[in-house]
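Dumping the structure here so I can ask a few things about it.
For reference, chains read A, B, C, D and E in written order, and residue numbers begin at 1 within each chain.
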Amino acid sequence: MPEAGVPVGYFFAVSTLLFSLGVFGALRRTNPVAILMSIELMLNAVNINFVAFSRHLGAADPVRGPMFAIFVITVAAAEVSLGLAIVLALLRRRRSADVNEFDALKG
Amino acid sequence: MNWPLVAFFFLAGVTLYSAYRVVVDETITHAALYLAIAFVGVAGFYALLGADFLAFVQVLVYAGAVMTVLLFTIMLSDIREVRGLKLPLFRRLTSPRWGAVPAALAAGLAALLLAAFAGSALLAGPEGRPVGLGELARALLTTYLVPFEVASVLLLAAMVGAIVLSKGEGER
Amino acid sequence: MPQHAWIIPALPLASYALTVFVGRRLGERAAYIGIAALGLATVLAFWTLAAVGGGASAAMSVPWLRLGDWEIRMGFQVGRLEAAVLAMVTLVSWMIFIFSKGYMHGDARFNRFYAHLSLFVTGMLTLVMADNFLLFFVAWEIMGLCSYLLIGHWFEEVENARAAFKAFLVTRLGDVGLLLGIWTLAAATGSLRFADILEKVEAGELSGSLVTVAALLLFMGAVGKSAQVPLHIWLPDAMAGPTPVSALIHAATMVAAGVFLVGRTYPLFEAAPAALATVAYIGAVTALVAALIATVQTDIKKTLAYSTMSQLGYMMLAMGVGGFAAGLFHLEAHAFFKALLFLAAGSVIHAVHTQDMHRMGGLIGPLRLTGLTFLAGALALAGIPPFAGFFSKDAVLVAVHASPYRALFWVALFTAFLTAYYMTRAAALTFFGRPREREVIEHAHESPPVMTAPLLVLVVPTALFGFLGPWFQAFVGGHEAHGAEAAPVQALAIGAAVAGILVAWAIYGFRALDRRTAIRLLKPLYVLFKEKFFFDHLGLAVARLGMLLSLAVGAFDRLVVDGLVNGVAWLVLLIGRGARALTAGSAQAYALVMLAGVVIGLFIYQVLGRVG
Amino acid sequence: MLSLLIFLPLLAAVPILLLPAGREQEIKRLATAAAAAPVLLVALMWPGLGAGGPGFLYEVRVPWVPSLGIEYHLGVDGISFPLVALSALVFLVAVLASYGIRERVKEYFALVLVLEAAVMGVFTALDYVLFYLFFELVLVPMYFLIAIWGGPRREYAAIKFIIYTMAGSLLMLIGILALYFHTGANTFSIPEIARRAPELVPPSWRLWVFLALFAGFAVKVPVWPLHTWLPDAHVEAPTPISVILAALLLKMGTYGLVRITHPTLPEAAREFAAALAVLGVVNIIYGALAAMAQRDFKKLVAYSSVSHMGYVLLGLAAGTAAAVNGAVFQMVAHGLISAMLFLLVGVFYDRTHTREMERLHGMYLATPTAGVILAFAGLANLGLPALPGFVAEFFTLQGVMQVGTGFFTRIAYVTVIGIVFTAAFNLLMMHRVLMGRPREEFAALPDATPRELATLVPLMAASLLLGVWPAVIMRMTNGPVSEFIRILGGA
Amino acid sequence: MQLANFLLILPEITLSAAGLVLLLVEAFLPAERRERAVEVAGVAVVGALAALATLWKTPANAEGLGGMIWSDGFGLFFRTVLLIVLVMVTLTSVEYVVRHRLPVGEFYALLFFATVGGMLMSVSGDLIMLYVGLELLSLSSYALVGLLRQRETSLEASLKYFLNGALASALLLFGLSLLFGLTGTTSLREMAALLGEGALSWLGAAALVLVAAGLGFKLAVVPFHLWVPDTYQGAPTPVSAFLAVASEGAAVAAILRAFFVGLGPWRADWSELLAVLAVLTMTVGNVAALHQRNAKRLLAYSSISHAGFILAGIATGSATGFSAAMFYVLAYAFMNVGAFAVVAALANQGEGEELDDLAGLARREPILAFLMLLFVLSLLGIPPLAGFWAKLYVFRAAVDAGRIGLAVAVALNSAVAVAYYYGILRAMYVAPAAAGRAETGVAAGGAMQIGLALAAAGVLVLGLFPEMFIGWVTTAAGLAGLAP
């Protein structure tokens, strides 16, 4: 039982469920913005893992887990901005919000 | 009373429900607002785990910056999800009526990952300790200096990319 | 001389080469090359014969090939047998070369005719002199080739070409037997030389079954070449070639090569009684069947062709019953008088431009010389003394009589009767009686001297060779066949011959019996003979079967084997189509596939237990 | 010396490509000179071969990729030299026969010369990788030569040929690597691996490695039932290329068996001998029957190749001195004969624009000289004595009989069926094409031109020489073949 | 931490700085002179090469910067390859960029950033570094793909790549978090030590699958490959070339590092997984390529199949396979960039990118056609070209490791590949040119010519003299902690 009083498995369960919900959304939502949001959920799940594992293990260097999470957050922010730019650029040409409508490239 | 555990369950309930609404809510604005709640919930987990600084960053970056950008985009684009029914097979498999396949995949993933966790023993190391802001900052500027610098390049790249792509054709 | 005997086949070979390369410029004068070469060869052959008679013999060989440790030499040997046959072959060939000068006059491919004829003689002479199976077979095939080319000399008519085709293919059927026999023997003895092989056979070093099999295989070759039943069907068709070719190749020499083969390897047959019996029976059947068919032929050359077949059967029969010398004697004698008969027939055809005997008649008038020489040949063939045929046939009959095969003797005797019958019939239809077609006889002129001279020359051995019989048989080393029983056999033979002549003359000379009535009376037999015992039908059926098989294989190849290959290609393309369908353009579908991959991967690892 | 054989043609291709397309005359002359050079080289090398004992002559050996044990290693012995000589002759003939090419002349001749280099390389390489290199390199010019200058279905035929042979040769490459690892000497040298393999390749691997190598060669030979690329490729290729295909490319397969599979894996070769013999017989009979069913002149000749290559397989399976010498001889013999036949198909096609034998009849009258040569070639194909095909088949089957086992004796008995059908289809071909009178539109065809004769006569002369005096070749082959048999015998 | 340590990433620093300069140039130069940015890019690439050259002199196995960077022979190899690719792509893209009115400064800046990301992946000794490098490469690539703004397909490709890529990186991250959970470390070397000889746990297997998926996505491994054809087709052609070679190459480096070093103890387990994926990848790539009519799409599927071949080398789990994969990347860099460059050269002239547009190329532009011939034959593995040795190396690894099935799969796939590669050759040499464009020549600009010559020279030199390169990869592989 860690100091926080919550077993690491609980955190893992939450993160797994969060991750799976993200997967579900990413596969189910057709709006690219919504897909992006779902992917953010997945990244958050990953971060819970990093922090929880770091705390639980108390590995040689306790900085690593949170550090990884910080980088993930940073990257995620960049990713969102770029992704939204792509979506906007596309939407400017076509007023469809269904990611599956874009299928000029196939085969 | 094990307060951390209570807090954990509360946070878990809020976070997972919000996440669920993000995934299923037809109205994109609502979904975005639920996402903000989920972000805050995750920040709560960080706090619970003693990573206060991270919780702060989470709220700042996610609930603040990311949410702003998301909402702006939604406002700008006036997106409404269109759910056609006469769709080819692959799209039908992903459409809400047939949402069974994504759901099954997600459920399968969750089940398999949880089973994996249950079936393996984690290293039983000594109990970890929360990491202070100073320690983190020092590490960021020493050990993780290169990734830190690279991350800044990355942000620059993303910014350049975003600008270039949002500029209309012919604008320079 | 014998050690230089290799010059004898070299001469016609040189003639062949010269005719091919410079013949075109010479026109018909090219014939002189061949005639000169053959003349010289004849002289040398008789010189050799004389030398061999004086007790000389020669053998010479050069290294030819080395396979592993096995050294193969090529060479020739000239002993008594060889010398005798050489002399006969060169003489007959020479005569036919001369005759052809007249007969082929004006032919479009005159030179080619001579070239092929020269090559043929080379082959025949090489065959006789060869000291090993390989060279023997080479010569054997070269003769077959020339036979093919010459039968098809007038290939513009598809019929002639077809006859050539048939001749080659049917004899080839026998040849594979010969080849197998050669391989079997060479594999067993480690040598291709006759001397080595026969030595081992005589020493009893080879197993009995092997010897029998080998002998039968060799005999298969002889059956094909010598037109024995059932591979005889090519010979009558081969008459499509120019008549001198029929005379030389399909009467005097090549067809006798089968008999010569049996003679050459006689110790082998002696060591295999079963094989020898086969030879005897096949020979007898051939003799009888051919004679029967000959009785109803209307084509003069076909009559002679069946007669040749019949006589070859006789020779085989003699060989089969142990009459080695008798068989060879008949071979030589037959060569002379059958060549004569064919040349005379050729002279007739040259004069009247038809081969149908029913359109002839009374030709003895305009074609006196031809007619007389034909008669001489016919009498010889019928077995009337003092012509050669009498003595040689008699020797055969005596040999058969001396053997345990009683029935065969009577068969042979009956054949002798039939021989006399059909030859008389042919002579009567051709030369006697009143002319049946006016214009045929009106345009008939005696052939030029260049054609009649060879006839006259050939009459000499036809008439006189028989008297050399005893000497000849002793010379070639056969057993002395004349025993106590010789006299009654002779009487029977003469009786059969005379009877045959009389019956035939009664029908065709005196018209004592109407031909048509006879046909009506013996209708089934007539049909049987006329249709040649249906052997041609059988051959055709076999050929059709082969063709059908090949078409089946062709279709199988196209549809099944190649179909399989294309099927695989099609399948790969189909899978490709499937793989391509995944990339249907929808990004979300791509994500779905990705996730499915992950979940399946996890599933395999965890549920299917790939992890300890 | 050997390097020159490979690089002369290859280098000659460069100036040809650089010449302006219009100067066809110069291009042809240059190509002819480049193809004649190897003939001269072969003539110069001939005396050196002598009565070729075991071992290689004119060796060149330079390290290439030392870390993998790959060398630039060339050499000839009594088995490969006749094939080198044949290649030189056939390529010269093919170049001469190509004067009629009208389209894209310079590319054509350049490709032919590249092909010559590759073929020479295959027959002289003594390093596995080098061998494989040339083996594959052959395919590239071949594809273009068929696909650009071929008949109506050329693209199908070309791609089928390439895919088929490529699949085989890649399996072969796996086999080569398995040998390389099991012999463990970090060398790809063919003789070196052959020396080591019998001891070092584990028994359980032998047959598999053998089969992998065999797969590569079997496609080329082609062994039934992998032969269906052959009729298509042969028929669609332009005449000179069909000549090269039949005369040389098929030999690459059997040469591989002689040079590589059998000496390197004698144990497996012995185990496989019976199967190989049966495949050989199937090739012989099936090929002959299929040939007989063809109406297309060129297809008939193509299937006849399938039949004749069967003798080589059979001879190798038997493994006696006579059989193997016969098999090696058959490679050369078939090279000459099939070259003649394909040239003749071209000669008649050029005049009549048909290959339907039904329509061709009477060619003897129409074109007497070409007719005679066709008869010569047809008879040679039929296995007539005094011509090389006979010598090869005679000694091959003689050798099969000499094995002395009941199995091989029966094989020989079955094989003669093939001889009969071979005679049948050749006679049928000659009958259909030559005999009778020509159709009216073909009555006034020009006879063979001097250029055509220049391509055919050398082949005829060589055939006659080899048919009468086979020792010209067998003198060389006997030594290496004896060594081959010694190895195969497991001594 | 000493300043000297930063010299270890001098090439990356140079390139990043150059990227910044380019952005400034773009911003401050007057519009009509902006194309001069190309010259700046050229100078920058030369500078990066020079910086790399200094590293050749430093001790081979330098580790530094907090354990994030392993500037060893392995890293040096991949950085060299990536820089060569950058040189070639830069040269062959100049004309394309100008003609298609891509924003010059941003294009090259993003290209440089992406290269930096790839280079960092290959030198990273830590998962965090690996991840950041990967994302730098990815984000820059997403933007690059969408740069051809006048074509909607370019943006579509960008979106698809982005959505799938983001998902894949999330999967990768989850896998990495599991690894972190299992070992408590992000350093690859420590990870290997901590995993020890222990058997693969269930969670370990999950991590393995997720990491394979995440990195496999970049390498275009089936079933994570579906973005590839769409993206390559839609992207500006030089970007497609870059993705096909540099991005895949960096992925190979990451996989080699992660699997051989970090997950080394699980070698037996992942080698089976990768073997299955390899066979699947090469087969799907090949059979799907059979039906393609678009040159870029065809090359995309061909890239997938080559990814399968590379993966086959890796899947052997042996030192030979390791160096085989490295050699393959090197060879592949030249031939694939070359092939894409030819397509780009055609596009520069306003030609289409369909195979039919190649018709009659041999007549119009014989040298271009000949170069394409060279590249295609090399891709096909015809000796003696670079691709042959690459394939031979993979075969060698597979046979050496006793994975005959894998070798046979490679063999059969190579045979299938004949069909579509020869389809390209057929179009250029056999098919007649479509009416109306029979004799219009396709003149390639000077930079393009140099780039093509470089690629061709690479294919030939690697093919004729593979020895020194084999020595190089063997040494480099040895320095990555694997005895050859």
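The working rule: contacts are C-beta pairs under 8 Å (C-beta built on N, C-alpha and C of every residue); 3 or more make two chains touch, one makes a residue touch a chain.
In this text, all values refer to a predicted model and were calculated from it rather than measured experimentally.
Among the remaining chains, those touching chain B as well as chain D are C, E. Common neighbours of chain D and chain E, listed by label, are C. Per-pair counts of C-beta contacts peak for the chains A-B. Among the chains, the centre nearest to the mean of all shown protein C-alpha atoms is found for D. Centroid to centroid, with C-alpha atoms defining each point, chain A and chain B lie 4 Å apart.
Centre-to-centre separation of chain B and chain C, using mean CA positions: 100 Å. Centre-to-centre spacing of chain A and chain E amounts to 26 Å, using the average Cα coordinate of each chain. The distance from the centre of chain A to the centre of chain C, with each centre set as the mean of the Cα atoms, comes to 96 Å.
Residues of chain D in contact with at least two other chains: 163. Among the residues of chain E, those touching two or more other chains are numbered 128, 132, 135, 139, 142-143, 146, 149, 155, 158-160, 163, 167, 181, 183-184, 201-202, 204-206, 229-230, 291, 416. Residue positions of chain C touching 2 or more other chains: 580, 583-589, 591-592, 595-596, 598, 602, 606.
Under the contact rule stated at the top, the pairs of chains that touch are A-B, A-C, A-E, B-C, B-E, C-D, C-E, D-E. Contact residues on chain E toward chain B in their complex (touch as defined above): 1, 9, 16, 19-20, 23, 31, 34, 65-69, 103, 106, 109-110, 113-114, 116-117, 120, 128-129, 132-133, 135-136, 139-140, 142-144, 146-147, 149-150, 155, 158, 181-184, 194, 201-206.
If you check the complex, the residues on chain E that touch chain D are 362, 377, 382-384, 388, 392, 395-396, 399-400, 404, 407-408, 410-412, 414-416, 418-419, 422, 425-426, 429-430, 466-467, 470-471, 474.
Chain C meets chain D in the complex at residues 64-70, 134, 137-138, 141-142, 145, 152, 155-158, 161-162, 165, 168-169, 172-173, 176, 179-180, 182-184, 186-187, 546-547, 549-555, 557, 561-562, 564-565, 569.
Remark: chain A residues 12, 19, 22, 26, 32, 35-36, 39, 42-43, 45-46, 49-50, 53-54, 56-61, 64-65, 67-68, 71-72, 75, 78-79, 82-83, 86-87, 89-90, 93-94, 99, 102-107 touch chain E in the complex.
Chain C meets chain B in the complex at residues 584, 586, 588-589, 592, 595-596, 598-599, 602-603, 606-607.
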